[in-house]
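Presented below is the structure to which this report refers.
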Amino acid sequence: MTLSKNPLFTRHEAAAFAVLAFVIFLLLPAALDNFRLNLFGKYLTYAFVAVGLALCWGAGGILSLGQGVFFGLGGYCMAMFLKLEASTPENTSIQSTPGIPDFMDWNQLTELPLWWTPFYSLTFALIAVVIVPVIFAFIIGVAMFRRRVGGVYFAIITQAFAAILTILIIGQQGFTGGVNGITDLRTLKGWDIRTDEAKEVLYYVNGALLFVVLFIAHFVRKSKLGRILIAMRDQEDRVRFSGYDVASFKIFIFCLGAAFAGIGGAMFTLQVGFMSPTLVGIVPSIEMVIFCAVGGRLSIIGAVYGALLVNWAKTSFSESFPELWLFGLGGLFIAVVMLFPNGLAGVWTEKVLPQLTGLWKSRKSQPQKEEALQ
Amino acid sequence: MLNVQSLSAAYGASEVLHGVDINVPAGEIVAIMGRNGMGKTTLMKTLMGIIPEKSGAVDVDGTPITGLKSHQRVAKGVAYVPQGRMIFSAMTVQENVETGLTVTGQSKVPDDIYELFPVLLDMKGRRGGNLSGGQQQQLAIARALASNPKVLLLDEPTEGIQPSIIREMARTLRKIRDQKGLTIVVSEQVLSFALDVADRVMVIENGSFVHDSPRDGIDEAKVSKFLSV
Amino acid sequence: QDYPTAEVNVTGLAVTDTTVTVGILHSVTGTMAISETGSVQAEKLAIAQINEMGGVLGRQIEVIQEDGASDWPTFAEKARKLLVSDKVPAVMGCWTSASRKAVLPVFEQNNGFLYYPTFYEGLEQSPNVIYTGQEATQQIIAGLDWVKETKGANSFYLLGSDYIWPRTSNKIARTHIEQFLGGEVVGEDYYPLGHTQFNSVINKIRLRRPDVIYAIVVGGSNVAFYKQLKAAGINMTEEDPILLTISVTEDEILGIGGENMEGAYACMKYFQSLDNPNNIAFVEAFKEMWGEDIVIGDVTQAAYLGPWLWKAAVEKAGSFDVDKVREAQVGIELDTAPEGYVKVHENHHLWSKTRVGLAKADGQYEVVFETAELVEPNPFPEGYQ
Amino acid sequence: MSLQERYMLKVEGLTVSFDGFKAVDDLSFYVEPNECRVIIGPNGAGKTTVLDLICGRTRATDGSVKFKDHELLKMREDQIVHAGVGRKFQTPSVYEDLTVFENLEISYPSGYSVFGALAFVRSPNVQHRIAEIAETIFLEDLLDEKAAFLSHGQKQWLEIGMLLIQDPELLMLDEPVAGMSVAERKKTAELLNRIIQDRSVIVIEHDMGFVADIATRVNVLHQGKMLSEGSMAHVQADPKVIEVYLGH
Amino acid sequence: MFSDYSMSELGAIFAMQGFAGLILFSVFVLMALGLAIIFGQMGVINMAHGEFMILGAYVTYFTSIFFADYMPALFGTYFFVAMILAFIASGTLGLLVEWSIIRHLYKRPLDTLLATWGLSLILQQLYRTAFGAREVGVTIPSWMMGSMPVTDMIEVPINGIFVMVLAVGISMAVYIMMFRSNWGKQVRAINQNRVMAGAVGINTEWTDRLTFGIGCGVAGVAGSAFTMIGSTGPTAGQLYIVDTFLVVVFGGAGSILGTIASAFSISQAQSIMEFFLSGSMAKVLTLLVVVGILMVRPQGLFSLKLRK
């Protein structure tokens, strides 16, 4: 019997990880100039969110249209630290109150708000990058999942949260930098993050972190919890009557997704050099779901490729056809949804892999999902 | 009335019905028996146009319905009570029955339908999804009858029904047949009901018919053996 | 050749013996495309005209246009591309402050040179940016003084979209009203960008009865605001109250509808109706290139100045090198500007006149006031912060 | 034997009403250990609703349900399961995307908490237990098959197996043989008789032959109230039961 | 926050704001009705709803131009023609979209979200390419502008009344269509079980297509009406999408009455709060309250209680 075998990595999975590592750490750096590599670094930061969504949505069936909230929170935590470091009294000597971030000075703040001060500490900021999104996710999760809000309702409500946070950030510009966001970030503990070398280093850090996140995600997927998630997605009631507190599992996975998104946001801030409310709102949140869908919502590795592919398509379409690129992008989304419902991962496992391995045993026909759902 | 010729059907690549022939004259009740997974539901769904025919032909009252969409088949006089009821759960009982009127153009449910199933009249305003399993089954039959069919397909209609109603149902189906000259095809696993209701019993096994006999003079032991391997 | 490539381009910019490539970076998609289209058109017109006159240092200007897609990270990405991959010596671009803030570090770090056309809140001065629009004090103060002097206005209701430019501008306005004009601010309100329901604020205005509604609503909200104002029976042609705005150019009127804007006053440096030979030629050329129906607003004109200012600086420096151009840029005067005569201040903003226009039903402004002198740009206004 | 120990389950005064309609009306009954109690009754009598109330799926309007010393009406679904009550639904609900093995594994009674589930390992113990259960439910050869490929009857068994692996003291089955073939019914009756040995079972069924095979006692429910109670023979002879349920 | 005002002022404020809220209510209802059909009754998450509205707005714009150029005498009435044309245009586009995209996705409702998002990008670019990136100004017939004084404090905008009447009319039509006609019954049956609906004789393909078309048509009419109060540009549709979904979800997706009740409560809350707080804070608070209530009633205000 094969039952006892539940290795953390099957051959296929190990190969997929290896190929991704090859692509991220060898292929892309070899093939791209510094500018393009930095762009891919930015795309990778979105991949963190997409991986989280593959867990929440693909495995757990929880579609969040508010992942931008967590991405933004993580990003803002990082940006606050960097901004404080950049706002030394010397750098800001022309301000009426030197030593505070420039946008505060423009908004007549004469003193750093209390809740900003812990962000002088890098350690605190790094912890906050993960913890703040998790706390938010936890609150939303408890409120929603305990009340058994799910499906489309949950999606729309998370969308509302994205709207709320955007309005708040924009409205409280004295504390948050408003529409402009927190810009002009310079150094991380004295290390200039704007140089080409720094961008390259950050790219690798980004890749490495992504792998950490992927390993965590993979472990979760492979654990009993991963199977419970899938079970929950299909038969929530059965899981409940098997003795599981369904809400706590949903909360956990939602928080984990939020933590991933937060890390992605922080890396975005470092890689791009600023953080702004446009990364928080509804549009980026939906786009993140699309990255995940294009990659194949069930596959965490697929999610990474999805994020890379869609963003790369966006960049190159818009460079080649600045006036028409939206047709291409919109068409891409529709085509993926209609032709490849399981995204890139689906194409890989259903079309390419069988061809490659030549091991196409004629399997029993897949049961067609019963159409007549009540 | 219902004429099926070498009908085959498949889910994806796997063929489940292998060229079956059925010929049911008007006013006859045929019971199709078979164990789980032998293809009863598949046959019904194929007749209803829910699963496409792979090959073969189906006629109702002389008009071919092969290849037609479900609703077109209903218009040609086929009605269907699916296994698992599939009533419209958010709609009231009355609305459920009324959906059956779509092809008839009527807007009022004929009284005789409620006469057959008085519970439904009591629960007219209740949501279909809130009914008990057995009540839903009755609703599904009423809904099918509302389209005033020539051929009625029932897929294991006794599943989850209380004994007295099962017995009643056999009587009712025969009554409807007599009143309206309906042709009925009913799939079943329970021999006693089949013998109660049907004029003819056919046994399906792995997608082909292996036995076909009028009720009178049926070899019960043989059929039982088919059913309990 | 007068200017050998080896001499005019020592920093490896996109300059050949016959061409020089500059960047245009605006949103042609997304919500900001509505506003930025005019800027792109003006910049392309200016470049075409310069090329016709023989180009810059004998080189034809070529353009690489990138779409910022109304998304600030995209702006940063594209700016980086233009500077790092395309090596352009100058970029004409950006509209919103947020997009400028996003690209600013990119320009500073890669030593690029940006011509930024929009009137904006100020509080910024970068060695790598030339601000061809007005900063807030330049635009606001003259208008407030005018409404106080000629209309005797005393009480003001400040209103804006909720982001930095309206908020900063209103802060300056409030300070000026309260401390220099001895007037009173009876209300101040902000609505999220894209808000389309203004009946509540209109009710408030009715209740407080200000002499002046000072409105800095932007984008699609504008249309909703003015239509609802009119529908609510506030008739701007009767000047009861007066409506003064700094955010509605002729471009915006196109969407709002002239009949809805009629009677409002706008305060900025340029109106399409300016009556001077420079402007008449400019308007004519613009329409010839982009169609008879087109209108030209303040920002569009400011965007038009970008390529010309750059050309003048390059020629003065005799080089495309950014450091040399920067040095040469300060003090450059342009007496062919449609708005009249402008001059680059050492703080990289322009000296310019400020004007008040009265909106007509045909969608044009009639200039009713013009400062006598060029107003000095003052991006870090003492006493207003 | 104290009363406490004598009854595994005490249902008293149980009532639920939906918008004024009393689906279960002041119902009381008691289940002893190691008993197979069958509840029969007309369609719509409230049988499923009673099970829903006991396992926490529907909230009662009034009454009490005592399982050993737990008041179930105050507990959440998963807590009720932990207390030792297992429930099978009327239509088979198994996880179609998972294998038979995984279906059983998910139901294995450890790793209930989030972190417990993360730390859960497939120890030999677990595997052994799963194999054991699989044998009981006639699925030992299908452990690596996806549940979606099982037949209707096999799914029903699998769901019973998922309950058995938790070793509940009270097992509730709603129409376990509906849709099963004759042979499968026989096997299921056998299965039930085997598993009753060390627990109490409540079964709802309409198949009288099957009921006769398994029942120790029968309750007849009608319009939310208890109509009759006793042995199979007693109930079958009760004219009221014949009138509303069995038919003449 | 009340202390700044006298008692009589407060009275007038609540009356005025109540009326402003009514206008907002009508706006919400108009926005939401099309979606209540498409999302509430068909289960399609149509993220391109705003773009269908904007198509109606563009149609209105071109109709006004046509009238101004060719029949200036009848200009006062062009709006009625425009609304019909808007219905037809958006409805036809809806039929086309249903045929080409949506019908393949009924089994995967969440995927409709992604596909229609792609569609909305395409439509935006289409409008931009066809009609230009700038906003267009729609001239409103003069009889629709201006207001009727009620007291010296309170004036009632005529276009507000127009929008209200329209909202009431269309709600009634939609209500009758969905809940008082066989058509509605069929639509709901399909939503609950598409296969079975076919097997009771409902022409599901045709019903789906037409329903989607009607939903889009209603969106077009809403867009047409909105030219009176909002802007018409390629991206203006995006402004509406969050509010619209929230109204429908808050009301309880399957219920038209719920949609109306939810539009009413959200609009009144927002309108009153806007007076005393800044517009941004009012919006945030309203959204939070809605989310809070949704936690208590996860299926919306008007939801069916069904056993699982």
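Per-chain numbering from 1; labels A, B, C, D and E assigned in written order.
What we mean here is this: a residue touches a chain if its C-beta (ideal position, glycine included) is under 8 Å from a C-beta of that chain, and two chains touch if they have at least 3 such contacts.
Labels paired with UniProt names: A = Amino acid/amide ABC transporter membrane protein 2 (HAAT family); B = Amino acid/amide ABC transporter ATP-binding protein 2 (HAAT family); D = Urea transport system ATP-binding protein; E = Amino acid/amide ABC transporter membrane protein 1 (HAAT family).
Fair warning: this is a prediction, and the values are worked out from it, not measured in the lab.
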Most distant chain from subunit A by Cα centroid: B
Chain at maximum distance from subunit D, centres defined as averaged CA atoms: C
Separation of subunit A from subunit E, taking each centre as the mean of its C-alpha atoms, in whole Å: 32
Length of the line joining the C-alpha centres of subunit A and subunit C, rounded to whole Å: 36
Between subunit D and subunit A, distance of the C-alpha-averaged centres to the nearest whole Å: 43
Where subunit E touches two or more other chains at once, by residue number: 124-125, 192-193, 195-196, 238, 278, 280, 283, 307-308
Touching two or more other chains - residue numbers and ranges from subunit C: 28-29, 162, 190, 192
Residues of subunit B whose C-beta touches two or more other chains: 82, 84, 86, 89, 129-130
Subunit E - residues contacting subunit C, complex: 9, 12-13, 16-17, 19-20, 23-24, 27, 124-125, 128, 132-140, 145-147, 149, 153, 155, 157-160, 228-236, 238-239, 270-271, 274-275, 278-280, 282-283
Contact footprint of subunit E on subunit A as seen in their complex: 63, 143-144, 147-150, 152-153, 155-157, 159-161, 163-164, 167-168, 170-171, 237, 282-283, 286, 289-290, 293, 323-324, 326-327, 329-334, 336-338, 341, 369, 371-374
Residues of subunit C touching subunit A in the complex: 28-29, 65-67, 69, 71-74, 76-77, 80-81, 84-85, 96-98, 101-102, 104-106, 109, 121, 123, 162-164, 167-168, 171, 190, 192-193, 380, 385
Footprint of subunit C on subunit A - complex, ascending: 33-36, 38-39, 42, 94, 96, 102-103, 105-108, 167, 170-171, 173, 178-181, 183-186, 194-195, 268, 272-274, 276, 278-279, 315, 318-319, 322-323, 325-326
In the complex with subunit E, residue positions of subunit C that touch it: 28-31, 33-34, 36-38, 162, 189-192, 194-197, 199-204, 206-207, 219-224, 227-228, 230-233, 251-260, 363
